[in-house]
Structures are given as C-alpha cells and as structure tokens.
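Below is one structure, written out as structure tokens, with a few remarks after it.
The chains carry the letters A, B, C and D, assigned in the order they are written, with residues numbered from 1 in each.
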Amino acid sequence: MLGMSMTTVGLAHYLFVSLVLLCLGLFCVLTRRNAIGVLMGIELILNSAGINFVAASRFGSSGFDGQVFAVFIIMLAAAESAIGLAVVLGIYRRMRAIDTSRLTTLQG
Amino acid sequence: MQALRWIVLLPLIGAAINLTLGSRIQRSVGRAGVAVLGSGMALASFAIAVTGFLKLRALEPESRLLLDNVLPWLHVGSLNVSLAFQLDPLSAVMVLVVTGIGSLIHIYSFGYMDEDPALWRFFGLLNLFLFAMLTLVLGDNILVMFVGWEGVGLCSWALIGFWYKDHANTAAANKAFLFNRIGDFAFLCGTMLLFWSLAGLGHATLVFRELDTVVGLLEGQALWGVPVATLATLLLFIGATGKSAQIPLYVWLPDAMAGPTPVSALIHAATMVTAGVYMVSRLHCLFSLAPFTLNVIAVVGTTTAIFAATIAVTQHDIKKVLAYSTVSQLGYMFVALGCGAYAAGVFHLVTHAFFKACLFLGAGSVIHASHHEQDMRRMGGLRTKMPLTFWTFLVSTMAIAGLPPLAGFFSKDEILLKAYQHDPLLWGVGLVTAGLTAFYMFRQVFLVFFGESRAGASLDPHASAHAADHHGHHVHEVHESSAAMTLPLVLLACGALTAGWLGIPSALGGNNLFTEWLSPVFASGGEHHGVEHEGLELEYALMVVSVLVALAGITLAYLVYLRKSLNADTFSRIARGVPYRLSFNKYYVDEFYYGTVLAGTLALSRALGWFDKVIIDGVVNGAAASVRAVSILGGGIDKVVVDGLVNFTARAFNGVGGALRLAQTGNINAYVYVLLIGVTAVLLAGAW
Amino acid sequence: MTAADVMFFVLAALAIVGAAGVAFSRHILYSALSLMVALFGVAGLFITLSADFVAGVQVLIYVGGVLVITLFAVMLTQGIQNVAVSNRAVGSTAAGLLTTGLFVLLLRAMAKAQWVRPSGEVSAQTSTAGIGNALLGQYVLPFEVASLVLLAVLVGAVVLTRKETAE
Amino acid sequence: MEHFLTLMTFLPLLGALVVLVLPRGNANLVRWTALVSTLPGLLLGVWLFQHFDRSVATMQLVERHAWIPAFNVQYLMGVDGLSVSMLLLTVLLSPLCILASWGIEKGVKGYFALFLLLETGMIGVFSALDFFLFFIFWELMLLPMYFLIGIWGGPRREYAAIKFFLYTLIGSVLMLIAMLALYFANTPHTFDMMVLMEKAPTYSHGFQAWAWIALFIGFAIKIPAFPFHTWLPDAHVEAPTAISVILAGVLLKMGTYGILRVCFPVFPLATQEYAFWALGVLGCWNIVYGALCAMAQKDMKSLVAYSSISHMGYVMLGMATLTPEGMNGAVLQMFNHGTVTAMLFLLVGVIYDRAHHRNIDGFGGLASVMPIYTGFVTIAFFAALGLPGFSAFISEVLVLLGTWQYSKPLAIIAASAVVLTAGYMLWMLQRVWLGPVNEKYAGLPDMNWREIVTLVPLTVIVIVLGVYPHAVLDLFGPTLVALGDTVSSAVPAAAQAVLR
C-alpha cells in the first residue's frame, strides 16, 4: 500500500504522518471556537508542511533547501503565533471574549 | 526708440505701486503721496509723449514712424506677434490726448476725491487705465491693441464700481464690462477672420503697418458668399460699437456714470470710448475696402447721434445728459469714419476730448460743491457761487454746440461737410442732431447755473423720498472748488476754445494743420479730398446753416428754461406724451435687453443647470426608467430614481455585494470552511 | 525493522496522538499540552530525517517559545482562576466529513504521484554546517527579509499588547 | 542624472513613509515634514525646466529597466515637452496644496501620507512611457484620492467619493481593455508606448476605431467631458480645498494628457476620423454648456467646478484642430487652467475656512472686510475670464485661432463663451465681494501669511505667462508640432500600399 512497507521507512511514511497532522490541524481550525485553539490548529498545519519539506530534502537530491525552508517555516510560525496571540490578547481586552463566533465585527 | 515703452510702463509702475503699497503710502506719507505718485507718472508719460511727438515732427512726413520692439510675445505656427509699440502721427495724436487730458484729470481727482479713504486705489486704477489705453493706441499690432482694448474694459469696470458698496454701481460696472465683452467677442472673430484670410494668401500678419500694405489682397476673397473685407470689418465694427457706445451696444455708457466723475470724464468721455474711432481709423485701409461696412458705420453713427440726442433732451441727471451727449458725439465721429473722412473723425475726437472732459469736470465740480447732488432740478443759480466753473462750463457748452470760433465748430462742420458730400440725408440728420445738442446743452447750462437756487426743492412725485431727505441739510454750503479742480478746468476750457484752430479749413483761410499732420497715415486709405471741386460756396452755406441751427437750439432753450415764455410741459404733452415718455425712458432699450437677452441667457442657464443636475446626472431617462422597473419588480418603489445610471451602477454593485455579504460572516471558521471546500473542489476536479 | 524504523513509528505515533489531542481535547489547557507532545514528536521525526538542526530549532522555538506564549495567552485571556474554560467545538460532523474527504483525496493524490527518486542513495550529511552555508549563501536575501519580518513582529507585538493610552 | 525621473517620482513616497512613522501627537511636525518632502520635487522641477532640451521632440531622461520580463513589462520613464509642462505643474502645486492643507486637524498623518502618495502617482503618470506602468500609476492615484475625498470631505463626502471612484474605475476598465488589446496586437507583445506608436500604421481600421473610442471614453471621464462630467461638481464640492486644487489643477489634465500621449500617436487614423466630433464639437459644447451651468450654480465651488468643465473644453477643442496654434494653445491652456483654477479653489477655500459655507448669496461686501483677499480674487477672476495680460488669454486666443482655421462655426461658438465666462465670474464677484457689507461677516480676518504665500507664486506665474508665454510654450512646441504631423500625415494602410 502506497509503497509503504513495514521494513523500510521511506518518504511515503513521512508524507502520511504529515497528511494526518494537516487534517487534524484543519479539523482543529474548523471546529474550535476559541481563537487560541484556532492558532494551535494552524501550528499543526505548519508543522505538517515542515515535515514535508524536511522529508523531501532527505529523500531528494536538492541538498539543504528543504531544511532551510523548514527553518523559515518555523520562523514564520513563531512570528505568526506571536502576532496572532497579541491580536487575540488585544481583542480580548477590548471585547472580553475570544470566542470566534462572537467576534464578527467584520461582518459585511 | 526705446523711450516709447516708458510712455506705457510708467503708468503701469505707478499703478503697481499704488495698488499694492498704496494704502501704506497713504497712511504714512499722506494722501498727497499717492496723488503725487499717480499724477507724476501720468505727467512723466505726457512729457515723454511730447518728446516723441517732437521727434516725430522732425522727420520727413512720409517716414514719420517710431518703433519700440519690447519683446517677442507669441510665435506659434503662423502667428508671430511681438510686444511692440509704434508712434506714428495718428497714435501721436491719441497719446497726447490720453496723457495730456489724463494728467489733468489726475490732478483734478486729488481735489474731487478729497474725502475718499481709498484714494490710493483710485489713483492706482487711473494709472492702470492710462497704461491700458496707451497700450491700445501705441500697440503696433492688433493683438497688443486687443490687450489694451480689454485692459481699458477692466479699468472701466473697476472704476465704475469704485464705490462698490452700492449695489447699483457694481451692477453698472458689470453691465459695462459685459456689453464691452460682446463687442470684444466680435472683435476677436473679426481679427481671426482677417488673420486667416491673409494667412491663406501667404501674408499671416497682425502688424498694422504690414496690414496696410497687404489688405488690398483681400479684394475678391469671400467667405459664405460675403466679401472677407466686409465681414471682417463688420465684426470689428461691432467691437467698436461696444467700446464706443454705439447702437446696439451703447446702453452701458449712461449707466457707467455711476463711477466717480473724473472717471466719467477720462474714460467715458475723452479716451476709452474713442477707442472704437481710433481702431477704425487705424485699420482704415481695411475699412476702405468695404464700402458696405462704411455705409453701415455712417448709418449707425447718424442713428446713434440723433437717438442719443433725443434721449438727452429729457434727462434730469446732470451726468446722464452728458453721457447721452457723449454717445451722440461719438455717433458724429462714426459718421465721419463712415464717410471715409478719417481725419475729420479723429479731429472731432480730439476737440470732443477737450470740451467733453471739461464739461464732465465742470459737472463734477458742481456735484462736489453741492454734495453729490446730481439732479438738475435741484440746482440753479450757481453762476455767481462758482464763477470759474460756470465760465469754463459755458465755453465748453458753446464749443459742443458748435459756435464759432470754438473747437466744436470746426470739427463738427468738417464732419457735416463730409456727410453732405457723402449723402445729404446724413447731413440732414446730423444737422438736426446739432440743433438738439445746442438745445439740451444750454438747457443744462440754464438749469444749473442760471435762475434761482432750487437746492433741496422737492421734486415731482416720481422722485424718491430718500433723495429729498438726503439733501435737505446742506443747502447753503455751495462754493467754488479748490485750485486742484479749477486749474484743470481752466486748461481744458482753453483747449475747448482753441483746439479747433488746429484744423481751420482752407475755406476760412486756415490750412488745416490737423488733416495735414494725419495725411501720411490716411494717404494710403483713399481718403477723398472732395473739398476743392465742390466749391467754397457750399462750404460756407453749410457753415452758416449749422450755426443758425445751433443758435435756434440755444434760443429755444433760452425761451423754455430761462425766460420761461414757453412751458416745457407743452412739449412733453405732444402726442399724449408718448414721445416724451419714450425719450425719458430711453426708448425702453434697457428693458428690452433685460427682457430678452439677459433673461433669455439666465433662463437658458437655469434650464441647463437643471438639465445637468436632473437629466445628465440622473442620466438618460431609459436607464432611470429601467432602474425604476427593476426596483418595482423587486417590490420596493424607489424614490431616488433620478440620480440614474451612476446610482444604478452603484446599486448593482450593492446588490451583488449584498449577495456576497452573506458569505462575509465575520466568522473565521466560516472562512476556513469556504477555503477548504474550495481546495477540495479543486483537488476533486484535478485528481479524480 | 531497524531501530531507526521503530524510532520512526514511535515518534510518528507521538506526533499523531498529540495532534489528535490538540484537535479533540475539550480543555484548552490540555490542547496546549497535547500540542507540546505533537511538537516534540515532529522534532523527533526531524532527527530521524537526519535534520538535527531543524529538530533543535523546532524544540527551541516551538516548544520553548511558541508553546510558552500560547500558555501565557491562555492564562491571560481566561484568568488564572478559571483556566478550565470551554474549548468547545462546534459543527464537528461537517468538519470531520470535510477533513476526512480531504484526507482521502490527498492520500489518493499521494499514491498516484510519480515520485522521482534520486538515482543514487543519498547520504545523510550533518546538516548544521550545510544549513548555515545555505542560509548565508544562496538564501541570504530571504534570511535578511526574515530577520526584518521578525523585527516587525517584535515591534508589532509590543504595539498591540501595550497598555492602551487614552486617546 | 541617470535616475532623475525615478527620484522625482518616488521622493514624495519616501516622504509619505517618513510621515507615517512620525509620532502622532505632533501635527506641526507632520505638516512641515510633508512640506519639506515636496520641495525636492519642486527643485528637480526647476532643474528640469532649466536643463530640458527645448529644441527636440524626442524623449529625454529616459530610464529603461526590465520589470516583469515574462510579460515584457518594462520600467520605462521619460519626458518630452508635453510631460515636462505637466510635471512642472504637479510639482508646483503640490507644496502649495500642502500649505493650503495646514488647517486639516483630523487624521493629519494619514492625510499628508495619502497626499504624498498621490503626488507620486501623478508624477508617475506624467513620466511613465510603458503603458502598463502608466496604468499602475493611474490607478495608484485613484486610491488616495478616494480616501482624501471620502474621509476629509464635506457632508456628502461618501457619496461624492464613491461617485468619483466608480466613474474613474469605469474609465480605467475601458483603458485596461484597450491597453491589453494593444499589447496583444503587437508581436512581440509589448507595452512600450514608443513601440506602440511606431507600429501605428499596422493596426487595422476597425481595431483603431474601437480602441480609440474605449481609450477616449476612459480619458474623457477624467477631463471631464460632457456627458461624463457629473462626478466633478460633486467631488469638488465635497473635497477639502487642497484636494480640489489637485483635482482641478492636475487630475483633470490627465484626461487630455492621456489623449495626447496615447490616442493621438498610437491611433492617428482614428484620431483624424473622430477628432472633429469627439474633441471639437464635444469640446465646444463643453465650453458653452459648462459656462451656462456655472451661471446657474449657487455654491462657489460648484461654480468653479463648472467653469473648469468649460475651460477644459478649450483644451479639447484646441487638440482637435491639429494645427500648431490650436495644439500649443491646448497644452498651454492645460497649464494655465492648472494655475488659474488652483487660485480660484484656494481663494474659495480661504472664505470657506472662515465662514464655513460657500453659498454665493450668503455673503456680500467682503471687499470692505478683506481687501487683500479681494485683490487676489479680482486678479484670479479676471485671469479666469481670459483678460489679456493674464496667461489664460494667450491659450484661449491660440485655441480660437487654431479653431478658426479648422472650423469657423466652432470657433465662433467657442469665442462666444468669453461673454458668458465674464458674466458668471463678474456676477459672482458682485454678489460675494461687492455690495453692502453683510454684518454677519463684518469681523472676518483678512488673509494670513500662509494663505498669501500659497497664492503669490500662482499670481506671479499667471501674470508672467501672460506677458512672456514662451517660457512655457517653448517647452512643448517641437513635441506638439511633431505630434500634429504624425497624426495629420498618417494615411490608411490601403493608401500606403498605393503610394508605394
């Protein structure tokens, strides 16, 4: 199945793990009503992307490119969570809530 | 000659200083400061003009031309125009009149405006006017002339409305400017026609001395079936009727009397209004090509002359009488031009400048002394209280009435002679006008200076109560004006007495210096010298007739207004008073113009304004209607259909937006849903 | 099955379980802790991919940084007293269906894809030096941009969270 | 000066960034910074004025870099006489407008940053030679304008801003379509305007026709030509003073500039075909219609707005003639209208700042209250009604002269507007400034130094150009002669074949 054997761990394994993480992250983003929860879901999605990069780098022939991108992803994730959480805090301070179903000021 | 530009520039500098820093000068140096600056510039300009004149006279008659090329102005395509000034015998005459009389009026103004807080503005504008007028007469091409032409319009506007707090004055100012502009519009069209017609012949030029040589080529050219020369001259003449107050554009001039009296004297009697006469004489080569236009000019001139004279007979306002008299006299000048007697027209222009300026200043002196009373029915008996004013006024009145040997006699007779040679009918009308002129001018003299003082007298029921109140309390204060005012009066009266001697015709033993001086200019224009072959008898006869007619007019005035042996009312009741009312109400021309042209324009403007706001902005009925249909279908009746297509577009966007808005829940999760569904759909489409 | 493979399966399980915890936990604090587990798992996976530097970064930044601020945020927004607040999930069914659908789709895409294998066996190299060279060589510009981004984030975070002055 | 134009274009943007990072509390610092950041542009403009080669019609100071090579989009800037005059106008008006905006209190930083962004957009439009770049700058201008009207405007600002935005956007869409059509009409595909011009003879007649009309409508909205003009009075009435100045002084010129820059050289045949109706007759109609509508207005600003419509008609009419007189007159009129109308709007702004309304019938006798102000008003009004001695006279006379040769009836109708213009200008002057003093406004202070400083340069220019118009005329003379020749000498491809 999918070129995945129990004996040699290859690219497909990693991709599978990454896919599971992605889907869980998405699920998290979709269902959470807590803004911080949503952010955590995004972290998961980013991590899954990171796994993909590093795996591709390991099993491909493009040197360290993948790893470099993984580093960038981590960096971006950090930036994103810092800002995201700051925003959440700001919102909380203003509206005393971080429940996304109540944060609908942007409704058109 | 470089000095020419200074004739023009000095008044400009004076104007610039007075209009910008004048109020400070007036505060720190005093009223005399601004007056000296203004008058000094005018006098300096006059001095340069005199030297220019002397220089010109020293030259051979054929080569009398001084040029000053200041600056290349416009050189685009085939248009090549410089800011350049020229002094030839014709412009020399004009310059001397403008700067000479202008200087005197500057001096007079210092006395007349002695109570006005904005003296600096007055002198600034007077100087600006001199600048514009001098540009007009010195400009060496039509475009530079046009600068002056419109410039004098501006100054006239500003000076008529000098006392701008009174609504009537500003209305008169605007009226003057607008009627002038109508003329300017025609002038511009005429210029363009002339320019392109000549350009088509390979001589694109607007320079007068070049025009003189090339306009002959226009013969045989036609536009829309009309000879180009005729069309162009007609258009230019309409311009002249605007500036020189001829039918049909004369109505602004009587209203222009709202300005201070020195302004009326300088601008609306002596100089600006003669611009049309100057322009026609300047372009006489062109006008001579168009006999039809000349006939039109002669007819318009005579009609205006008698028309204005009949109005002047019934007016009560001392300045209104003079204003209509000016219109009438300008008509005379145009008669001369129409008869091809350009020199005679210019001669009358010069003499008229002297006596009419003197009359206006005299009237101003009276008005000033009687504290801005202008109604002649409340004057009278001023002869003894204001002797200098009286004598100068009388001299000028005799001059305008055409009594020998005063200035008006010679110039008017020359015109009447030329008119007779051209068409006896013109002469007849001119003669009647002369009689009327003598009558109404002496009516004025008798009413103002003779008899008992009627100061403060109540008028007929038509007069406004306000005027009576206003004048009740200074009955006794009338006295002669100050030297600053009487000196110019005396000088001008001397001019009115003697200016005519420049042009004593050969029939009376003179040699008509004036015509001779101008002959190099008009030689090329085909001026006919018809005097010799008609014989001297005719000339004498005409002179005698005209003097007799003038005396008759004076006698009538004497009988009616001084001896009172004839009652004025009997005249005004002729034919149930219709002629009197027509004359008194100026033939209702103003009302006619207001009712048709002005009201029409305003109505059109309002209609278009409405059209723009409601129709265009509400665009196309169809679009609006369709929007309405859509909104009715939608269940709501829309009231704001008017704003139309624009708003329809907006509404369409709004509708789509409203639909899309539903998607815009503001809920993050919902957005992610949409995103994911989209991604899945793409994957489904791609991968399956 | 080598030891490395065992390692992989253990770590993968760790990551997936952690992720599931994040996604399904009812308590936001538990979610955060599960996230930590998942992140550690991913870091471990990086090691098995001989990307030791990335793994180090992952641990340092994520576990040490991101997670800590997340926890802080949780505390700050909920108040220390009642951390046991809801982390309720709504519309799980629809979301579950959608994600499952996506999962299947992507899995299928993965299976169908023609993976290009490098010809020779790729040797695992020590990555730190290589990444260092790459970062300061080929990727120097993105690296600098990244540093700017971080700077902006720093400033932005400060601006956003500072005490609001009266306006 | 290799990057002259780039420098000129983007210096204001730099200023905008600086303005944005300034502390919020210090409004004066923001104002001064904004003013200072427009000054280099002005200095560069002066340099350009002195060093611009007036004898040739070719592009100068050209900068060419590949930008998006995949689509052959270039960063291509350059100026000829036409653009130089417009650039000068822009850099001249910008600092004056900043001075005129001194009284803005709401969102000072945002206002000045947007204003500087707008300046970058305007300079960019006038110097871009790549159609794509031109379009980018064109759109770049739109956005700040929208916000400047929509946020800092009068009571109906949102309506006016949206109207402005929608109108201009429709124009942009048409322009975009024509631009892409041109791009694909050439192989290799290109946006390079100079190449587009060279290839002009190869475009088919049908293509020229519809593309010309699309472009024309796009530009006509900006001019604004009847019947696309109704956004203008609304936008003017609602916009703050300085924005009105920029709108009338520079933005309207972009319409006519675009026609001269794109429609004329790229589609000479279509220009020959449509110029009479689309530019000549419509321009003439604009002149008379705008003047009559102006007469009916009750708001000073909307009166001036309609007078703009009227005056821009001269530009269209002059362009239509293709004669050197007409075209020079048209471009000079663009410049003069920029300065004169700027004066008018600044002056209306002065009274609006004091009385907080602009109702023509609500004043009276301001001349006694504010003499200096009235002096400037008189100069500006007489300049606007084309009095000789002021700059607008020269351009109007040139346009009329050119038109007379082109079509006499049009010239006569256009010339008749001198009476109408005098009518509404003087009438307004009489109602607001002359007459008895309205006691309600007897205590208004006269102009302050800042206001005088904004008006004096314009006054000087208006007078100097009336006496020595060649200071500006020389800039674009050769360019326009070349342009006129290009258009009038173009012959249809079929005829070309016969000629060969």
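Please note the rule applied: contacts are C-beta pairs under 8 Å (C-beta built on N, C-alpha and C of every residue); 3 or more make two chains touch, one makes a residue touch a chain.
Small disclaimer: the values here were computed from a predicted structure and weren't measured.
*Asks:* Would you say A-B or B-C is joined by more C-beta pairs in contact?
*Replies:* Pair with more contacting C-beta pairs, B-C versus A-B: A-B.
*Asks:* Would you mind checking which chain's C-alpha centre is most distant from the centre of chain B?
*Replies:* Measuring from the centre of chain B, the most distant chain centre belongs to C.
*Asks:* When the C-alpha atoms of chain A and chain D are each averaged to a single point, how far apart are the two points in Å?
*Replies:* Using C-alpha averages as centres, the distance is 52 Å.
*Asks:* Can you give the whole-Å distance between the Cα centres of chain B and chain C?
*Replies:* Distance between chain centres, rounded to whole Å: 90 Å.
*Asks:* Averaging over Cα atoms per chain, report the distance between chain C and chain D in Å.
*Replies:* Spacing between the chain centres: roughly 55 Å.
*Asks:* Just how far, in Å, is the C-alpha centre of chain B from the one of chain A?
*Replies:* Each chain's C-alpha centroid was found; their separation is 87 Å.
*Asks:* Which residue numbers or ranges of chain A touch two or more of the other chains?
*Replies:* In chain A, the residues touching two or more other chains are 26, 30-33, 101.
*Asks:* Where in chain D do residues touch two or more of the other chains?
*Replies:* In chain D, no residue touches at least two other chains, as defined above.
*Asks:* Check each residue of chain B and list the ones that touch at least two other chains.
*Replies:* Residue numbers touching two or more other chains: 669, 673, 676.
*Asks:* If I apply the definition of touch given earlier, which pairs of chains qualify?
*Replies:* Between chains, contact exists in these pairs: A-B, A-C, B-C, B-D.
*Asks:* Okay, in this complex, where on chain B does chain D touch?
*Replies:* Chain B reaches chain D through residues 19, 23, 71-79, 83, 143, 146-147, 149-151, 154, 157-158, 161, 164-167, 170-171, 173-174, 177-178, 181-182, 184-185, 188-189, 192-193, 195-196, 199, 223, 601-602, 604-606, 608-610, 612, 616-617, 619, 646, 649-650, 653.
*Asks:* Under the touch definition given earlier, write down the residues of chain A that touch chain B in their complex.
*Replies:* 26, 29-33, 35, 38, 100-101, 103-108
*Asks:* Which residues, counting only chain C, touch chain A once they are in their complex?
*Replies:* Where chain C meets chain A, its residues are 1, 4-5, 8-9, 12, 15-16, 19-20, 22-23, 28, 31-32, 35, 38-39, 42, 45-46, 48-51, 53-54, 57-58, 61-62, 65-66, 69-70, 72-74, 76-77, 85-92, 94-96, 98-100, 102-103, 106-107, 110-111, 115-118, 122, 124, 127, 130-131, 133-135, 139, 142, 146, 149-150, 153-154, 156-157, 160-161, 164.
*Asks:* Given the complex with chain C, which residues does chain A contribute to the contact?
*Replies:* Residues in contact with chain C: 2-3, 6-9, 11-17, 19-28, 30-34, 36-37, 39-41, 43-44, 47, 50-51, 54-55, 57-61, 63-65, 67-68, 70-72, 74-79, 81-83, 85-90, 92-93, 98, 101.
*Asks:* Provide the residue numbers of chain B that touch chain C in the complex, in ascending order.
*Replies:* Residue positions touching the partner: 669, 673, 676-677, 679-680, 683-684, 687.
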